[in-house]
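Read from first to last, the chains carry the letters A, B and C; within each, the first residue is number 1.
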Amino acid sequence: MWKWLHPYAKTENAYALCNTLLPWFWAGTCAFLSVGIVWGLVFAPQDYQQFESVRIIYIHVPSAMLSMGAYVAMAVAALVGIVWQWRTAFMTMIAIAPVGAVVTFVALFTGAAWGKPMWGTWWIWDARLTSELILLFLYIGIIALYGVFDDKQQAGKAAGVMALVGVVNVPIIHYSVVWWNTLHQGASISKVDKPDVADPMLWPLLICIIGFSFFIAAVSTVRLKSEIVRREMHRPWVQKLAHNNGVTTDAV
Amino acid sequence: MSGLSASQLTCIKRDRVLFKALSLQVSKGDLLYLRGPNGAGKTSLLRILTGLSLPEEGDVVFDGVSIFSSHSNYTEKLVYLGHKSALNPALSAVENLHFWAAQHRVSIKTANLYEVLDTLGLVGLEEVPVKFLSAGQQRRVALSRLWLKTAELWVLDEPFTALDVEGVSLLEKLFANHCAAGGMIITTSHQALSSMAGKYRTYDLEYNL
Amino acid sequence: MSAFYTGVFKRDLTLAFRQKAELLQPLMFLVLVVSLFPIGVGPAPEILQVIGPGVIWVAAILSSLMGMERLFRDDFHDGSLEQLMLSGMNLNLVVAVKIFVHWLVSAVPLLILSPLLAMFLHMTFDMYIALLMTLLLGTPLISMVGAIAVGLTVGVNRGGVLLALLLIPVFIPLLIFATSAVDSAALQLPYLSQLAIIAAMLLLAVAFSPFAITYSLKVSQN
């Protein structure tokens, strides 16, 4: 069933696939994000309690969801790399990693920024923010581990193992943090519930989620392309590509 | 087909292709002398031949069974000595070898251990922590494994390093005896093997940019 | 059987006893860190009792991280690990035995020191029993899961901080449930469920970590 995927173990085919997909990703990004962001930030109704500050959910919620989605995608790529030894799988994994880390940071930042009008404080150790913070640590660990090895295939395997250990732990961490949070509820801090999203807010939110997904896919694909070229610089197809683009490559 | 047979081995390290579609065959009585400049991939090839590293492509077969498969008993018939001596500096020579023999299921009496170390000129140094031995002496302790374990195939990465003239001729004579008795040896060395090692074949690895 | 007993268990134990000084360092670190808190936070017993479980567990995790590297480091660097991998022994079992010896020489002294630490932080007897239970279940979990990251970083120069960076997020659930158990004991509440969850994580680790560790070691061998 997965036979159609096999050609993409070769970097040349993976590069071609990236080139095919990229315009669609950018198109999707522009289409959905322009509609979603404008709708959400300008036209959607304000919350009767939180007024305008609720608009941050149009950035916070997509980035929180995608921070976890990107991690899972990274873990799947790691699994493919470890089981089938595909170089392109490890390249995909490390292409996604920093993008996922930045998205996690955006989720944290917007979550914390949302906290100021909501709870009067810049940071709160609530379950979701704490889980996001730990997720950011997991991302950083994987990127750091990858960076420490000279042989990038070896680096991919090592980082891949940690990605898999992490992906098993993400649900455990999440549920333990939620549980921890219920234990330590101070009387003065009210539990922040995900706002019941009413229809007029739901549509722009969904559109933003799709738009952000396209955006992350686009950025990851760009990173994947440059990772492929960087690692395969000595191959004839890369040399030809560089030549066609008027770039001279010196032997590294 | 008996002996060791490597087919279409490709090795990529740090995104550089060290060798591509390399095949070689070692049969009973063969002494294969692997040559090549620094960085050509000799150590990488040896590690693939022992099964410590996985090749990018290709397979290594010993006595008809792939060494990477789970029902291979390759390790029982192999002794590998790499660059590192595999001796813990805090333990003595006797202790190191005793533990190693236990791991490799080589049943050996302590008296035999002392005998072997004696053959290697290490009388009086058997119970000293290895960190107090010189590099050459440590190399001799490492080499004593060849005397201790009965193995068909020896894969040796620069075994002559740090050995003095006597040590070199001792080892070469051992090579000749081992191959004469039907054993196989694959070895690298930066100095040429002398005639004391017996007849040998060479295989040259080139440095690929 | 003798291969595992003599070749791995006895060898590692002999080495541990020759390196007693190295084993003492994480323990001293543990005591020092725990001692820092009364000095930093003030000696009021009520406050120390509240923060006690967290302090001891954080210190236990940090001290374990310090001592964990010796699990494979020496064997990797002197080539003994290669010989182990070529010995024909089942690597998963070899790794399990190594971790067991490591636990015996690093965690058992920690367990022995634990009453002292509990006393430093004014923990009650009930709290201490809970602490001991969590340490008994939690220290093997730390060793087994930690060994995965140790296996990956064994060839890395100065990988100590990287090891902490990789493992601390993974130990957070253990920290949460262990401290919660001791806190419940302080309030005379039952804490069997917290212990059960830690035990479940331990069983998961026992089931899966040997394969992960073996793979990690092979990755480091490249």
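In this text, contacts are C-beta pairs under 8 Å (C-beta built on N, C-alpha and C of every residue); 3 or more make two chains touch, one makes a residue touch a chain.
Only a predicted model underlies this, so the values are computations on that prediction, with no experimental measurement involved.
Enquirer: Can you identify the chain nearest the overall CA centroid, using each chain's own CA centroid?
Expert: Nearest to the common C-alpha centre lies chain C.
Enquirer: Identify the chain pair with more contacting C-beta pairs: A-C or A-B.
Expert: Ranking A-C and A-B by C-beta contacts puts A-C first.
Enquirer: Need the most distant chain from chain A, centre defined as the mean of C-alpha atoms.
Expert: Here the answer is chain B, farthest from chain A.
Enquirer: Chain B to chain C: how many Å between their CA centres?
Expert: Between these chains, centre-to-centre, one finds 37 Å.
Enquirer: Determine the centre-to-centre distance between chain A and chain C, using the mean Cα coordinates as centres, and give it in whole Å.
Expert: One centre to the other, that is 32 Å.
Enquirer: Taking the mean of the C-alpha atoms as each chain's centre, how many Å separate chain A from chain B?
Expert: 48
Enquirer: Chain B: which residues touch two or more other chains?
Expert: Correct list: 13.
Enquirer: Touching at least two other chains at once: which residues of chain A meet that condition?
Expert: Only 151 qualify.
Enquirer: Residue numbers in chain C touching 2 or more other chains?
Expert: Those would be 222.
Enquirer: With touch defined as at the start, can you tell me which chain A residues reach chain C in the complex?
Expert: 82, 134, 137-138, 140-141, 144-145, 148-149, 151, 154, 157-158, 161-162, 164-166, 169, 172-173, 176-177, 179-180, 183
Enquirer: If you look only at chain B, which of its residues touch chain C in the complex?
Expert: Per the stated touch rule, the residues are 13, 47, 50-53, 73, 75-76, 78, 80, 82-91, 95, 98-100, 102-105.
Enquirer: For a test of understanding, state which residues of chain C touch chain B in their complex under the given definition.
Expert: That would be residues 2-3, 5-8, 10-11, 14-15, 18-19, 74-75, 77-80, 82-89, 221-222 of chain C.
Enquirer: Taking the complex as given, what residues does chain C use to touch chain A?
Expert: Within the complex, chain C touches chain A at residues 145, 148-149, 152-153, 156, 159, 162, 165-166, 168-170, 172-173, 176-177, 180, 183, 201, 212, 215-216, 219-220, 222.
Enquirer: Can you list the chain B residues touching chain A in their complex?
Expert: The touching residues are 12-17, 54, 209.
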